[in-house]
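Naming follows writing order (A, B, C, D and E), and every chain is counted from residue 1.
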Amino acid sequence: MSFLDRITEGWRKNRKPGYYEEFDYHWAMTIDLDQCSGCGACVTACQAENNLPIVGEDAFTKGREIKWLRLEHYWEGEYPDVKLNVIPMMCQHCDSAPCETVCPVSATYHNQDGLNTQIYNRCIGTRSCAVYCPYEVRYFNYNDHAWESPLDQQLNPDVSVREKGVMEKCTFCIQRIRQAKDNAKDDGRRRVRDGEVQPACVQTCPTKAMVFGDRNDPKSQVSQSLNDPRAYKVLDELNTHSSVVYLKKVEAEG
Amino acid sequence: MNVSIQPALKSLRTAALIALVAVVGVFMGYFIDFLITDNPEVSAPEQPIAFSHKIHAGDNEIPCQYCHTEARRSPSAGVPSVNKCMGCHNEVATDSPLIRQVSEYWENKEPIPWVKVHDLPDFVHFTHKRHVQAGIACQTCHGPVETMDKIAVHSRDNDGPTLMASTTGEITNSETSEVGATQNDHWEMGLCLNCHKQHDVVDGKAVRVDDGGFDNGLDCWTCHK
Amino acid sequence: MTSFVVGLFGDPESALAAAGSIQTANLGTPELMSPVPMEGVEEVLGEKKSVIKRFSLFGAIFGGVSGFLLAAITAVLYAHPTGGRPIITFPPYLIITYELTILFGIVFTVIGFFVSARLPNGLWTAWWKQDENRPYVPEAAVDKFAVSVSCASNENVQQAETILRTAGAEEVRDLTEEN
Amino acid sequence: MDGELNQLKYTDIHNDVVRSIVETGPNYYIALITAFAFTLICFFFPWFYQLYYGIGAAGMNHPGVWGTYLASFIFWIGLSHSGTLLSCVLHITNSSWRKAMYRSAEAMTLFSLVVAAIMVMVHVGRPWFIHWAAPYPNQMEMWPNFRSPLLFDVMAITTYLTGSTIFIYMGSIPDFAAVRDRTQGWRNTMYSLMSLGWRGTDTEWHRLHWAYTFLAVLIIPLAVSVHSIVSWDFAMSIVPALHQTIFAPYFVVGAIYSGTAGIVTVMFVLRKFMDFGQYITELHFDNLGKLLLVLSLLWTYINIVEVFTGFYSGASGEIEALNYRLFGFYAPLYWEMIAFCAIAPLLCAFKSFRTSFVPMLVLSIAINIGMYTERFLIVATSLSRQYLPDAWGLYVPSAVEISILLGTFALFTTLFLLFVKVFPSVSMYEVKETMESPKKSTPAASEGSPA
Amino acid sequence: MPNIDRRDFIKLVGAGGVGVGAGVVLRESIKHPREHLIPHVLAPEDYSSGVATWYNSVCSMCSAGCGISVRTREGRAKKIEGNPSHAVNQGGLCAVGQAGLQVLYNPDRVTGPLLQAAGRGSNDFTQITWDDGLTRVASRLDVLRAAGRGNRVAVLTRGTSGHLAELLEAFGQGLGTDRLLHYDYDHPHALHVANQRFFGEQQLPYYDLANTRHLLSFGADYLAGWLSPVHHSLGFAQSRHGGDHRGHFVQIEPRMSPSGAAADEWIPARPGTEGILALGLAHHIVASGHYEGDDVDAWQEVLSAYTLARVAQETDVSESTLRQLAESFANTRPSLAIGGDGAANNSNGVDTLVAINALNYLAGNVGEMGGVIFNPDPGGATSHSRQANYQTLAQLAESARSGEIDVLILNDANPVFTMPVASGFKAALEQIPFIVSLSSFIDETSALADVVLPSHTYLESWGDAFPEQGVGFSIGAVSQPVVAPLYDTKATGDIVLDLARRVGKPMPWNSTEECIKDGWNKIYQESDSNTKTESFESFWTALLKAGVWGKKNHRMTETSRPNANTIASIGVDAPTFSGDAEVYPFVLQPYLSTMHDGRAANLPWIQELPDAMTSVVYGSWVEMNPKTAKDLGLTEGDLVDVESPEGAVRAPILVYPAIRPDVIAMPIGQGHTNYGRYASNRGTNPLEILSPVVDENSGNVASNATRVKIVATGKHVEIVKTSGKSRDLGRDIVQTTGGDDHTAQTNSIPITVIPT
């Protein structure tokens, strides 16, 4: 295929925005805030699955924790009529992500599954993506991290350990998605079945408040859950078109 | 009186020459090192036991996956366990000195510390499984292993390695023989991309489609995650 | 063999005057050398044209086109869609275009300058025969204004010297033997 | 100035300038060595430590991922404006008072840019891969992302650096020639090369004039674009108080503002230590003072607009961010900035102030401190107050950062000292131009020429 | 070309040489170093390199007994996930369960038998061989047993259930001691006693949250700490959005717990008055004729004292709220009332829980779907019979003081940490001549041991668990080793068996595995014939594969009637507190944090897990109502001394919006003095300053019955938390919607039973 053909081909293919909608998958997640109990199981599950470093108390004091998935707490009202609203906040995998455009080396971009990628070994650490992300879910490796032996034996071999100077964030457990596709190919299937792949947080959620799946498949559980009247997106007014959709908390009367 | 800059240049010539030589030297040094360490003959590391793929895969035509059993069902091709070796070699050629070494390891219940020749960076998650199942010959990347006494990183000649239907080990020059012919004869990203841009998987087998573009494993997350 | 007669003047006016009379005496167009740009040269020796502006224009256009193509082509070579925008996105690529326009504009202007001013001096001798030796008087870089006439024959030399002296040259040199 | 320069002959200028290059006393070398030592200790050592340990050596955190490094980057880019930009504008409007000072002003541009470029290296997490931001064919078939504001920066700064280097060099070719004739040995070799065998013929002068003018025309829009683009690094984001349409003009004005102040400082130094008293005169300070006054008013205006629109928007994010800037943790810095950049310059309304050197020096330094603060605030306050209150944080620079910040000034000084040793720091031929050319005094001349 | 003289030539050559050298060095320096490929000697059957293998097992981080599936690669455990087919957790797993990996791979584990010759608490251990260690213990035991004084041996283990517990029993009998104590700080003693008294049930009943539509929780933090949090979470979710009708949850507690945050209503009643409140509701239900039993008169009589007016006045909850609560509780069917933690740990704990049972009974929730369902006898032994409460341990300490105990065998129990200092437990232990610890870690208690015989972690050893709180039918699971032992350790059971052998009382098994299998063989024999597999072996493999076993033996409809004197005995007195209310104005409520009773404090993941309510990491804090803080002039981070009659602990203030002004709360778990690098010398342990106020009925310490005062130290520290500002300034980050009619599809998996 000649050079010129590739140019024209690429031009034709990638002319219009959001064309990845046409691809096989468009992963999305819903989180039911009325079921979430804020227990934090998802946080630890994420840390265990994705080789998140144990940064230590010092780093926490400096505000350098690395938690791809964090729980945000919002108090409402004063004693005795006080409520606590907890919301899990992770990379929203926006379809028009502010962080993607700013990366000078395309270390973060939108892949054909509608995922917001982060390629560690391409990252040069300008940290601009973290600035541009309104959800502040991008975390930077301010130094190399150590796992005191034998803790390192737990490290997940499917996930790279990030070196200093690299940005990282939630990947929707891409290693699991790839594994699921792999299995699908083994079975000679073209597509991954609904529910076949679950990120660590979704899998472990004790209240089953999180649902993950393919938005392009109208029958998938997540698609149905997206139609829930309670569905809303955080900071929707910013037009980030995020792939993580929350279901409103229910204020019961009396 | 003349103010041409030539006299100045003249007086600088030697200095410039030295600088030039130094710079050229750096490049030469880099290249020489490249030649030495990546030349199949030279770069092949000494293995604890002088195992010859030529004898096994070449002369005796043992399929690659007879020993590297994992290749078709696991991301890593896998190294045969010592008892795999013994499986044959408590019958075959038991008296040769090399085999004695093997059996020593076996008796001491020690693993053989093979030296890794084909090595990828830690941030590359390559999977043998998919490629083997798609019918890519091992030689496509590893080169004509069955001709090597000593395994070495295979630097490609111009017509490049070949893609073929069977994975048994013998090379058949199929119509897609220019696959993998690539500007860099080294295990680098370009090598993978080049092949992925020219091929697509049609009912489980890799075929040449000449369709560049976005899908077909060009997503960075295919390997880097 | 050509020889150069150079007259040194203390002030621009008389130097110009001398240059004018040299020209009227058909001794060819003299060269003026001065520590500062001199006013009124063109009235005396005629208009000067420079090709620099053409160079600049070409450079700018070349830069602009190559700038946009660089952005556009590299983007589709290995497509990485970002922010839900199309791969060929004009607003940002126009900025790249803009910058490269200026960059190449500048670079080509410089080239134009070198070509038209035949600098660096001494690298042009290969194909600029008459450049083989160009007269130079160091005082001209300080505070003197020099008029240099290239003469093909001795009588021309005599004539030029007289003209320069009468024009009030503080000193007249013959630079022939120096080359 | 005529009053002053008239007593001078071409030769005097010549001697002064050449002396400034050829004969330098021990003081110069002491200064140079000190500056270099400071650069090593305050800049390079901390930086190497940071390279080894990681950006963690600095005080940055989550969400304050940008810090003083970026602020310094913007600051130095800003300082670089006005040097070349001013000189271009003045060249085209050919105002003669520029000529004595523009050479050093352009040098300032050049070195500020160099420092800024180095700050980028200091800022990024993996500088050893920074070349990935440059478009060059590679086996990975990966190209930089031309949609990124940061890449606009890369392009703009490269262009600007090239442009101003060429501009300052071309302007000093005739002076190199002049110096060439006065030097021997390696200096002579060097200057013969740098002067490209310039002879000062009428043709050469003519070409130089045109080329120089074209460059000036090209560089003015470039300079404007450069700092607009720098501002877009912020404005293209959707962070409250950064996502502002006014940022481009804001940054450009700010840049010229701080740059002009910088020039005042440099002028003062040259005047004092290289005794160019006759060339850099009250007149220059007077004009620069007026310029500062205008710029400060502009700058204040834009600041007010920013605050006004912010509060007027009524968006929780905007208001919180501004509140924080005006009354929050960093508020003292904010008011310090207002005092230095909006109020102090009003003194320039008085001619007596403008024409007195030391006060102007103090003012110029104050302004630049204020301007640095501005850049710091833009980064720090906005990042620590974003959309999700739960993720709010605080950023305080670490010792390493502060040391590197000081180091940049040492680095700049070092470079500038080297410059004054190599370049004629006052443009001889243009100063000569401004003087009346010598009248014919000899009786021989009175006979007139046959023209 | 310039004419090059000799010197220039040398220069050139030099430059070239240097250049080349530099080039080579450059490339060598950026080249990747050679690695090695280490093959197996003998290829293992159960995994191939690069492919993950999953093992089903049981989580032992707490007593809930969730089923887990462990992902292993190349023989290393990589990830723990909930076992989807296990009825208790159905795939879910809490943070601590996830962190179980760090118990296995903890850098502070004991790697082999140790001898502490240098004196107790010196932490100066020397490595010894197993044989040496075992002999040292066995010799002593042997002497005592031979002399028939086996009772001078005490065994103190953490709550062990299943056949391991039986094995320990056998060991105890062999030695002839009845001093065999299981100890968990959070064991629900009061609940057992209360249910025993009101229902006459041995087992805890099953609280069917999944199907209830109105939950009244008296201080029970069912989502975080109480009994079986993950199972309750599933139930909670099921009730919220599982069915067509959204369940309504009410939490009554003085300090808002995660359950309180998740609830629809949070009612801060005065601490210790939950029981009175319950009886108040009961009174209203009976009085308003919602209850038509023939024993209604008896009820009326016993409840007559608890008029809403009085209750409101005592509990500091408005009368209208009480009435409305009672109405909705009685009218919504099915409804459920549970009580625990905060409500149970008072001087009147058991009475309170009885009152709550009564409430359930009167509202007709007993034996109803979505109410209180009685558990069948579990397949295997549970450990409540042997569970030691505060008094038992006090007795143990007493007898230790009076020299009646010669040998103490510890197994993973850490009473020194969880017992109040006032009990003088530590001092008492030091009286015991010989202490041996089977713990995998050196904790505060093991630090006193003379010999440490480290046991495997639960991921390396055999075991089984029969969840105490159950799921309404018999369920159990086998815990199998998922990785080869990391260190020179032995399974607890094997150590015990070995000891038994050495003291000449060998047991019928050679290994723990045998013992477990034996036990399951019995279960297999008992299992009903129609679902029986053809052989035990096939049953066993199926069991290990599924990781869970269950039996369709629900007691759904069974209910029980309290007899007259049970009814008559109902009544809750005002709680008693230690310390004078004048001097000590605040009631201290130590609550179970993510670190449980402190056993999870040495897991870095748990240390780094922001607290569910306050998002604090690494350290402890004192929760205080904003108003109180303002009155005392304290702000977040001010270091204060919390002084009780028994002592004081120092911790920073954390202003907590959802706590009664007269209550101070502190998390349990931090404040270890000797528990590995991640836990030691971090935060403070509120249990230290508890007064030994005991609930006479349960015999357990009333941990909420201590009054304290706050003394500012003037010092200030920064509380390490991940939250910036915990108020969304009208930014609608967490959006809410009114109304009750939400018919979202369920995300919960229905409870599955693996037939035997």
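By our rule, a residue touches a chain if its C-beta (ideal position, glycine included) is under 8 Å from a C-beta of that chain, and two chains touch if they have at least 3 such contacts.
Not measured: the values here are computed from a predicted model.
For subunit E, which other chain has the most distant CA centre?
C
By CA centroid distance, what chain is farthest from subunit B?
Between subunit B and the rest, the longest centre separation is with C.
So which one's got more C-beta contacts, D-E or A-D?
Higher C-beta contact count between the two pairs: A-D.
Taking each chain's centre as the average of its Cα atoms, which is closest to the average over all protein Cα atoms shown?
Taking the mean of all protein C-alpha atoms as reference, the closest chain is A.
Indicate the whole-number Å distance between the mean C-alpha point of subunit C and the mean C-alpha point of subunit D.
30
Need the CA-centroid distance for the pair subunit B / subunit C, whole Å please.
Result: the chain centres lie 58 Å from each other.
Counting only Cα atoms for the centres, state how far subunit A is from subunit C in Å.
Here subunit A and subunit C have centroids separated by 62 Å.
On a C-alpha centroid basis, what's the spacing between subunit A and subunit E, in Å?
Computed from C-alpha means, the inter-chain centre distance equals 31 Å.
Among the residues of subunit C, which ones contact at least 2 other chains?
75, 77-80, 82-83, 85, 120-122, 134, 136, 138
At least two other chains touched by the same residue of subunit A: list those residues.
6, 9-10, 13-14, 65, 72-74, 98, 101, 103, 106, 109, 122, 235
Identify all positions of subunit D at which a residue touches two or more other chains, and write them in rising order.
141-145, 147-149, 151, 177, 180, 196-199, 387-391, 393
Name the touching chain pairs, would you?
Once each pair is checked, the touching ones are A-B, A-C, A-D, A-E, B-C, B-D, B-E, C-D, D-E.
Going by the contact rule at the top, pick out the subunit A residues touching subunit B in the complex.
These residues of subunit A touch subunit B: 1, 5-6, 9-10, 13-14, 23, 109, 111-113, 115, 117, 119-122, 158-161, 171, 174-175, 178, 182, 185-186, 188.
Touching residues of subunit A toward subunit E in the complex: what are they?
So the residues of subunit A in touch with subunit E come to 32-41, 43-45, 47-49, 54-55, 57, 60-61, 65, 67, 70-76, 78-80, 82-87, 148-151, 153-157, 200, 203-209, 211, 221, 224-225, 228-230, 232, 234-235, 246-254.
Which positions of subunit B touch subunit A when the two form their complex?
Residues of subunit B touching subunit A: 121-123, 125, 127, 129-130, 133, 197-198, 204, 210-215, 219-222, 224-225.
Residues of subunit C touching subunit A in their complex?
On the subunit C side, the touching residues are 72-73, 75-77, 79-88.
Taking the touch rule as given, give the residues of subunit D at its contact with subunit A in the complex, in rising order.
53-56, 59-66, 123-127, 129-130, 132-133, 142-145, 147-151, 154, 233, 236-239, 383, 386-391, 393-394
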